[in-house]
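Consider the two complexes below, in which chain A is the common component and chain B and chain C are the respective partners.
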Partner chain A sequence: MKRILVACGNGIATSTVVATKIKEYLNEKNVQVEMTQTKLMEVPSKVQDYDLLITTGQFEGQTGGVPVVKGMPILTGIGAEETKEEVLNILTKA
Partner chain B sequence: MNSVMNVFNFFIDAGPTVMLPVIITIIGLIFGLKITRAFKSGLTLGIGFAGIKLLLDFMTTNVGPAAKAMVDRTGVKLDALDVGWGSIAAVTWASPIIAILIFAILLVNIILLILKKTHTLDVDIWNYHHMAIVGVMVYFVTKNVFLGVGAAIVMAIITFKMSDWSQPLVEKFFGIPGVSLPTVSALSSLVIAWPLNWLLDRIPLFRKSKFTIKDAQKYLGFFGDSMIMGLVIGIAIGFLAGYDIKQVLQLGVSMSAVLVLIPKMTSLFMEGLMPISDAAQTWSQKKFKGRKLFIGLDAAVVVGNPDVITTALIIIPLTIAMALVLPGNRVLPFADLAVVPFRVAMVVALTNGNLLKNIVIGLVVTASLLWCGSATSPILTAIAKSVGINLGTSSMLVSSFAATSMIQSYLVFLAFSYKPLIGVPLLIILFGLCWYFFDNVKKVNAEME
Partner chain C sequence: MELFLNKELVFRNIKGKNQQEILAYLSGQLFEKGYVKEEYIQAIQKREQQYPTGLPSTPPGIAIPHANFELVNKTTLAIATLAEPVDFYNMEETDQTLKIRIVIMMAIGEPHGQVEMLQKIVGIIQDELVREKMIHAKSDEELLQLLAQAVK
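The block that comes next holds the complex of A and B.
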């Protein structure tokens, strides 16, 4: 099972939206994932245990090679499909 | 009519864990959700409330006596525990008038959009709690529904206008076009930051400052890690309370647990409200199709900016220090230290990342949070008790860095609850002047017309 870390400002609001929608999408595609939500400030100390990091906003910290996807389109609805596909591609390729 | 009142009273008597599922189910149905979906949303919120209540009990039974012992031993009078914005949001959603407030705020947004008096589409129902709590508190103090709803409406108008006015900052500094941030917890700081930044710019020392702190995140990073923060604060309070080493360690782990568990409980509220926000979004996008609008998002999308994080990591320890020495402060900072980035985000954008100005303005904002929080904590505590939160036998008050601790909310609350006949007109005149200044003098977003 792939593990995804979803980070936003407080680990509550926007990360819940993104985590829920990505999970629904991946389940439709029969990809099982485990989602964990966190605060952006805690990403550096947690990210190495995950296969993918999704952030809802700007993030410039180190991820030690873990791929990063920007989740903002999921919130605004503009470009949401492309973002979901990007996530799927990363998970199925690796 | 009588039987309606009886039903109403029955649910109020049954408490928020019963009332919340019912109210949210009704709100969900009005937004066109299927009954099963609406009911699950409601139940999820009820569960979230139960979780928050559990944690508040845990927090006050553990921290309450320790804080009291600390106050008695050291003389620092910090008797209003910062229980965090999530707890306050839970109390807000549990208010008997919450449904009216939510629709009032949504209606204000739609009307302002139709009149083209705002460009911000804010259907993030979740974040309405910041505006609603002011209505809840005014209603609680005045027992007047109209004043309560009026306060929430004024909060909403101010919030939507301030999101419009700060949208250029979001676009230029954070690089997010087409988005504005109607999140009171971030916007409120601008009430202080706009004039103060102007003032500091008159002084070359501040205007031209190139002050930076290298590797702030590396050395101060633990201030941003809830787990460690809770442990450190718990241990510190334990020592100050004169506890023995075993009790000190127990308190440390308990407080660490609180900081990690609160967000998990709060996210249940978010989860439950999401289908309703989704429905509102679908509806409004159809309604305003083809019109150029700013999509209102939670300010969570900008607090990851490195300048915001650096500023927050410097402000957090200074906030704790300030709480100890600020005359008249009663707030013991705790759970909301985690959301300091929200309070400084717009400040950082306004100064264009000038760290020296950020620290000065950030500290003034912090002082205002502590003072306004101290002033309104007795009312907040009474409201928390009224929705069935058990604060134990200790005489601790509850507070936070949200609700009326924030200057924008505090001013509206003050205007509506203390001599409203003078306060409300005064507030409207002041805000009207700001409106004139931003829309007609500075012509912010003029290209949207």
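The block that comes next holds the complex of A and C.
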């Protein structure tokens, strides 16, 4: 099963929205995923265990090669479809 | 957890020189009325500096400040419209400022019980009409009603 780390400022509000929407979308596509939410500050210590990092909020730290997708379009709805497809592509090709 | 919305947390056309003043006012009101612990007042300022909550949208802009759920007694939303736009930083591009006219301060005690509400609050940024209605609301009741409908 693929593992996705979703990070926002305090790992509560916006990451909850993004994690829920991404999970719904991937389930529709029959992709089983495990989602974990965290604070942006804790990303560097956790990200290595995941297949993908999705962030709402600015993140400029290193991920050691783990792909990063900006989750803001999922929140705003503007460009949400493209972002979901990007997530799907990363998970299915990896 | 139940969401408590109340007219006592609706503030129209408030004035503030900067985001700190607006945040202090709203978090102070939440504390005075018993919705959050006193530490929430500090936490909300710190959080906004580290991780801003201005959301990019067409005008009028909206920000959704919030802080640790451990500091919340009762889940609620405080809403303010600002007489003049105040700069908040953009959640996604934290060196960029946004002109904010609507501030929805979220006091959320249990985030996983509030996913739908959170989605709907964020959804307000896609609804320019409701944001326009909010800043032109003629009474606290009207503004509360707009908020209640938006998150229902």
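As a working rule, the second predicted complex is superposed on the first by the 94 of 94 C-alpha atoms of A that agree within 3 Å, B and C clash if a C-alpha of one lies under 4 Å from a C-alpha of the other, contacts with A are read in each partner's own complex, and residues count from 1 in each chain.
What we mean here is this: a contact is a pair of C-beta atoms (placed from the backbone, for glycine too) under 8 Å apart; a residue touches a chain by one contact, two chains touch by 3 or more.
Given the structure is predicted, the values throughout are model-derived calculations rather than measurements.
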{"item": "Touching partner for A:Thr14 - first (chain B), second (chain C), both, neither", "value": "both"}
{"item": "Contact breadth on chain A, by residue count: chain C or chain B", "value": "B"}
{"item": "First, second, both or neither for A:Thr56, with chain B first and chain C second", "value": "both"}
{"item": "Set intersection of chain A contacts, chain C complex versus chain B complex", "value": "8-10, 12-14, 16-17, 20, 40, 56-58, 72, 75-78"}
{"item": "Chain A contact footprint on chain C (complex, rising order)", "value": "47, 50-51, 53, 55-57, 64, 66-69, 91-94, 106, 108, 111-112, 114-115, 118-119, 122-123, 125-126"}
{"item": "Complex interface listing, chain A residues touching chain B", "value": "7-17, 20, 37, 39-42, 44-45, 55-61, 72, 75-78"}
{"item": "Residue ranges of chain B touching chain A (in the complex, touch as defined)", "value": "86, 126-127, 174-176, 178-179, 217, 221, 224-226, 263, 266-267, 270-271, 274, 281, 285, 295, 297-306, 309, 312-313, 338-339, 341-342"}
{"item": "Chain C partner contacts - residues on chain A that touch it in the complex", "value": "8-10, 12-14, 16-17, 20-21, 40, 56-58, 70, 72, 75-78"}
